[in-house]
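Each of the next two complexes has subunit A plus one more chain, namely subunit B in the first and subunit C in the second.
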Partner chain A sequence: MTEQRKPRKHATEAAGRIAPMVKAAISENLRAKEEGKLVAYTFIVCAYDEIIRAMDIVPAWTENYAAICAVKRDAQRFLEKAEAENFSRSLCTYALCGLGFDVWREELGAMPPDSPWGGQVRPDMMLGSGQMICDPRNKWYQAVQHYMPDVPVYEVGLPWPPYEKDYDYREVQDYYIKYIVEQLKGLVEFLEHQTGRKMDWDRLGELVDITDKTWNMMWETYELRRAVPTPMGTGDAMNTMVPISFMMGSQEAYDFYKDLYDELQGKIAAGEGVIPDEKYRLLWGGGLPSWFALTDFNYFNSKGAVFPVETTYRIIEAVYNFDIDLEKISDPLEHIAWRWLKYWTFWYDKARKRPGSHPDVERLIQYIEDYKIDGVVMHEAFSCRTWHPGLIWQLNQLKKVYGDIPSLILESDIVDISSYSEVDTHARIDAFIETLESHKRG
Partner chain B sequence: MTEDSINNGLAIMDGYYRDYGGRAGELKNQGRQVIGYLCALTPVEIITAAGFIPFRIKGDVNEPITQADTQMETIICPLVRSCFDMALKGRYDFIEGLVIPHACDSITRTYDIWKYSLDVPYSHLINLPHSTDDSSLEFYKQELNTFKRGLGKYTGKEISDESLTRAVEVYNQSRSLVKELYELRKPDPPLISGTEMAKVLIAMMSIPVDESNELLPGIIDEVRQRDVAPARKSARIMVVGAQVDDVAFIELIEDSGADVVVDDLCPGAREYWPMADVTDDPLDGIAGRYLRKIKCGRTYREVQTDYQNSLENRFGHIRQSIKDYNVDGVMLYIYKYCDPFGFEVPAMKSYIESLKIPVLYIEDEYSMSTIARLRTRVQAFLEMID
Partner chain C sequence: MKEQYFAGMDIGSRMTKVVIMGEAVLSSHVVSTGPEQRKLANKVMEEALAKAKLSFDDLTYVVATGYGRINVPFADKQITEITCHARGIGHLLPSVKTVIDIGGQDTKGIKLKDGRPVDFVMNDKCAAGTGRFLELMAEGLGVELEDIGKISLTARHRTVLSSTCTVFAEQEAVTELSKGVPVEDLLAGLHEAIAARIYSLVARLKIEKDIAVTGGGAKNIGLIKALEEKFGYPVVVPPEPLVTGALGAALLAGDAAREAAGSGSPLARSERRLNEARFF
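Showing the complex of A and B:
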């Protein structure tokens, strides 16, 4: 059951606003259902956020709810429920937590007892996604359907070209775009069928424009974190990812990053950092966080270490840095498709210029240089084969093509707290701090 | 056809199984070129049409994973880790290229690790979509075209439609012969054991398709003409899972007193039964086979009408095999960390049980170290069926 813990201390006022926002969104989902609005289970980083909003469908972000259960240290009972259904505990624990919750809710015909923040709403549809990453995005909802056979699932294919030696991605991008647009059209048709309403294409166009603005604003805001001392760390970024992940295509998301931008500028002008005496600047170089142990970021802070930058959840680039002018693409579905493809291929050109490099490695190098980084920390979550394969290799490759830099890979999970030991984790952080210190001394 | 291949095909395949890769290495020394690949979703027809021997990289359940752990996280499918470990240890040094399909996260997300670590002159990832609708098929065909063009560029010779059609036909012939061999498992007792069959299929992953086609008719005759009929066993079992490239588990079931008579595995019925249509543009037939006909858990099958229909679409072929091969029990044999198949388990298990067929679900780790523990569970299940 829920373990009462002190909330993590934030460096920014903006990050402190996030928990109430998420709680309000969960309540909004429950209320929407009561009011007869259609609710869709969906995933973050799926490119169709604006489409859902333009169709007035209320998104229920299932990864988010699993993370909430984890933050509240109340996920184990849902994981066990899924395990009792013969889902292996080695599978994605976001999915297992969600499945366990759904199985339980279906059994009871009501929310499981003491569900975190009132529970996860029963959806009217589930929108899966086939990408280059994340098998659970096309398996999770199919598995849920076994317990909710009346709830339709729609699957959208969203690939991007791989980084290859033998051809440039631009040689294939046109047919990728054509395919993504076709897939998004299929989604629109599905949603029109479900809602009995037609898509308002002008409105979709407006939401797409808001998203571009939001991407730019978020990028500019996060770039402010280059300042020494840095005004915001990764611990806060694990909160401030909420608007871009769960509210994309809304004015509220844009306004949030504008407020954060102003707040960070104020802190920089006042010379105010995450911690007063910044000794080590670290890059969170990969891996989703252990949602039940976000206070570990404060532990790093207590040792004089800050994280001015992270790759995780920085799921945007400034669209004006793309090699095409998105403003000229008036069709909203094509616009979304190009934004999607250009995001995933953004680091390809840079990687080609450095022999032996790779887009993921190149991104680490860029951040190391731009943010004056002393060391790289990653987290290997045992249940996720989406973001966590290749972390060791990236560090090996970084060393080969760039140079030696202290690094640490923490091991645990995103949701399953039984994989975590605070004592061991802190001991590893302590040892890493010593390494950083000796590396600095040369 | 040699005398050996007529009379001794099973023994030859057994040798290829035991010395996996030996034949491909031998051919490499004779000047042939070998491309390594992972997963049954790699379109081997294109590799063959380009003049290469496609060689399926397999793991080794007897070999502890050591070198792979220095570059690949232990949270990845143990089969993929074992394959990579074997490659790093030089077992497959004869391959000059690597082809990986977008199969599952464990394969796709480790592509870069493979590519950079093996440092082979040619590598390619084929982006196989998850959906099977028309636009996905068209996209996949474009991907196959990119692969075909790239491989042709690598060899310096364009891959012609004629050579592709020839490859389609020769693989279809191979699949027909395998299906014929499966037919010999229908009698009770079956004429060929599950272990023998698995060895043939695994060996076939490592040799040119022409050589398989030369050996298979002899094997079929050899099995048909066996003097001594095998003893009847207590139960007829079907094994369902992802890639099972070792006979250890099947042997365990058969040593425990049952016959493995059919499967939904790779290599196995899932991989060998679907044919590629011979089409004007050969890529149409190839695309249709790999995207739509091979029923792998990694591919999402759209719900056409209702959920029951969706189950039929996903698992109806298993029901058909249960009926055709008179199956008494099904074992779901899934590796740890396998998301595409792991999420299938409750639906698949309840679907099969609804046919009044008992199911044993086993999660394993791709290592001989677990076999003793599995034996107890398998025996208990067989006793329950009995």
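Showing the complex of A and C:
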């Protein structure tokens, strides 16, 4: 059952707007379905957000709904439901929570009792998003389809050239672009078939342009957090990721970051930081958060620590920093493909210049230097078997190629609260703060 | 100048330890931590002070550490076990660069540089590899906890236990015992498994010599031997491994007093009353 908790304190007004926005989006999904609009299950960072919007398909973000269940500490019953169907508890708990919810809803023919925020809508289609970082993006919806055999699944594969220290990816990038464009064309054909409508390519072009503008605005906004004291921390960023993750290709997303930009500038001008006495500046160096324990960011704050920057959900780079002029690429599918590929390969050149480094490590180094970072914190979520296990290796490489820096690995999960102990977590944070102090004293 | 006295109190999940010191250690006191003791930290402190022939008013500064550190209302400061163990070992064995503290409910690895903690790891929320695990296994096998180390050294073979879960490992060990497997072989296998688990945890720190082992686990010669075998070289154990954290806390209390005196700022202290902890 839902455990009542005090809401997390936000540093920015913008972050405080997010929960109502997400709640409204969940309600909108349910309303859309009633009105006969087509709804698609899909994933964040799928790259084809604008395609879905241009086809007037309503996206239902399944990872987001699992996170909402976790934030409300009401995910366990859905995890248990999936487990009762013989799915292993060690699978991705976003997927498990979603599976449990869907199985239950299909059994009842209605939303499970007291579903958080009214429940997750039954989709008309499910759009996978195969990537190199996450296997549930392929397998989750295929598993759900056993319970909803009438709902079609379409898989899109979006690779990027893997990093090689002695090889310039540009030699093969054209092949990747061709492949990604073919994948996106396939998706458009699938959606045209499902909707019985043709793609409006001019509209898609407009939405792609809005996304570029939004990426740039978000990047410029987040760069303001370099200020000392920092006006916004990672706790808030775990909220302000919503527009870039769930509202890409919308004017509303751009406007949100413009508002946040103005708010942060105001705070910087007033010398107003996340906390009055900023002692330690930390980098959230990877890992999704424990959604049921976001108040831990406030606990860090209570010890004088702030997070001016994070790698998690900062899934953008200003497009004008790419080594390609995206404005010159008029075909919207090619445009999306290049933006996708250039983001994922952005740190490759830097990594090749530093022996033993890696693009993910270079990103950490860049942030450590740009944001005057004293220590690195990562979260190793047991149920994520793709991205999270590599974090400790990144940390070790960082210390090897860059230098010693205090670090803390938190161990828990994204959704499964049974993996979490507040006492243990706070004990680790306390010890880490003492280590930071010890480093400062030198 | 009048001699100053300091106290360090380490309330662990299984044992509560107190060290009282002036220029040198005046007394140390170790009792079991139970629900009552957690509440009655004041009584334990009184006993430690009596051993040192001091009263609470004689103490200049008190530092509490361990899981129960928040249950010490009369402590002037709370500091984590990581810093306290580092300070304690830095004082006793200055050449040590890696500390392994095997406590009742968790195991920690601490990396030291010039006697200061620079990195640490703690075991996850699992009892395997902790003192409590050993306690339960000793109970299950019908031997005294104090004896399991020595007994394990007489083993001719090591029995491999496949389970790392405390409950299932105990069950597995008892089943093996009923099949006629000698208890010493089971204990040797058990110590080897725990040493492997501790090694994989501490290896995250990039282990550097010398290595010291502290906490109740350090009193188990079987475990120490298994760890040495795993690391490939000897480890050092301080004379009183159980009180290393409390000693560090007392030393840090002295550091705080000297630092305040040096800077001319007043020493922030809590009320000089030995109150019992109130939870509600």
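Just so we're on the same page, the second predicted complex is superposed on the first by the 441 of 442 C-alpha atoms of A that agree within 3 Å, B and C clash if a C-alpha of one lies under 4 Å from a C-alpha of the other, contacts with A are read in each partner's own complex, and residues count from 1 in each chain.
The criterion applied here is as follows: contacts are C-beta pairs under 8 Å (C-beta built on N, C-alpha and C of every residue); 3 or more make two chains touch, one makes a residue touch a chain.
The structure presented is a predicted model; accordingly, all values stated were derived computationally and were not measured.
S.K.: Using the touch definition from the top, say if A:Ile392 reaches subunit B (first), subunit C (second), both or neither.
M.R.: A:Ile392 contacts both subunit B and subunit C.
S.K.: Applying the touch criterion given at the start, work out whether A:Asn86 contacts subunit B, subunit C, both or neither, answering first, second, both or neither.
M.R.: Touch status of A:Asn86: first partner only.
S.K.: Contact-wise, after the overlay, does A:Gly266 reach subunit B, subunit C, both or neither (first, second, both, neither)?
M.R.: After superposition on chain A, A:Gly266 lies in contact with neither partner.
S.K.: Touch check for A:Asp404: first (subunit B), second (subunit C), both, or neither?
M.R.: second
S.K.: For A:Gln183, select first, second, both or neither according to whether it touches subunit B, subunit C, the two together, or no partner.
M.R.: First partner only.
S.K.: Give one of first, second, both or neither to describe whether A:Pro161 is in contact with subunit B, with subunit C, with both, or with none.
M.R.: Touch status of A:Pro161: first partner only.
S.K.: According to the contact criterion defined above, which of subunit B and subunit C contacts more residues of subunit A?
M.R.: Between subunit B and subunit C, B touches the greater number of residues in subunit A.
S.K.: For A:Thr435, using the defined touch cut-off, is the partner it touches subunit B, subunit C, both, or neither? Pick first, second, both or neither.
M.R.: second
S.K.: Based on the A-chain superposition described above, do subunit B and subunit C contact any of the same residues on subunit A, and if so which?
M.R.: Shared contact residues on subunit A (touching subunit B in one complex, subunit C in the other): 392, 396.
S.K.: Could you list, by residue number, the parts of subunit B that touch subunit A in their complex?
M.R.: Residues 70-73, 75-77, 102, 104-106, 108-113, 115-117, 122-125, 127, 129-131, 133, 135-136, 138-139, 142-143, 146, 150, 153-154, 297-298, 300, 302-303, 306-308, 310, 334, 336-340, 342-347, 349-350, 361, 363.
S.K.: Which residues of subunit C touch subunit A once you look at their complex with the stated criterion?
M.R.: 67, 79-83, 106, 116-122, 124-125, 204, 206
S.K.: Using the touch definition from the top, list the residues of subunit A that touch subunit B in their complex.
M.R.: 85-88, 90-92, 95, 128, 130-136, 138-140, 142-143, 145-146, 149-150, 152-153, 155-157, 159, 161-167, 171-172, 175-176, 178-179, 182-183, 186, 356, 358, 360, 380-386, 388-393, 396-397
S.K.: Can you tell me which positions in subunit A touch subunit C when the two form their complex?
M.R.: Against subunit C, subunit A makes touches at 392, 396, 404, 406-407, 409, 411, 419, 421, 423-424, 427-428, 430-432, 434-435, 438-439, 441.
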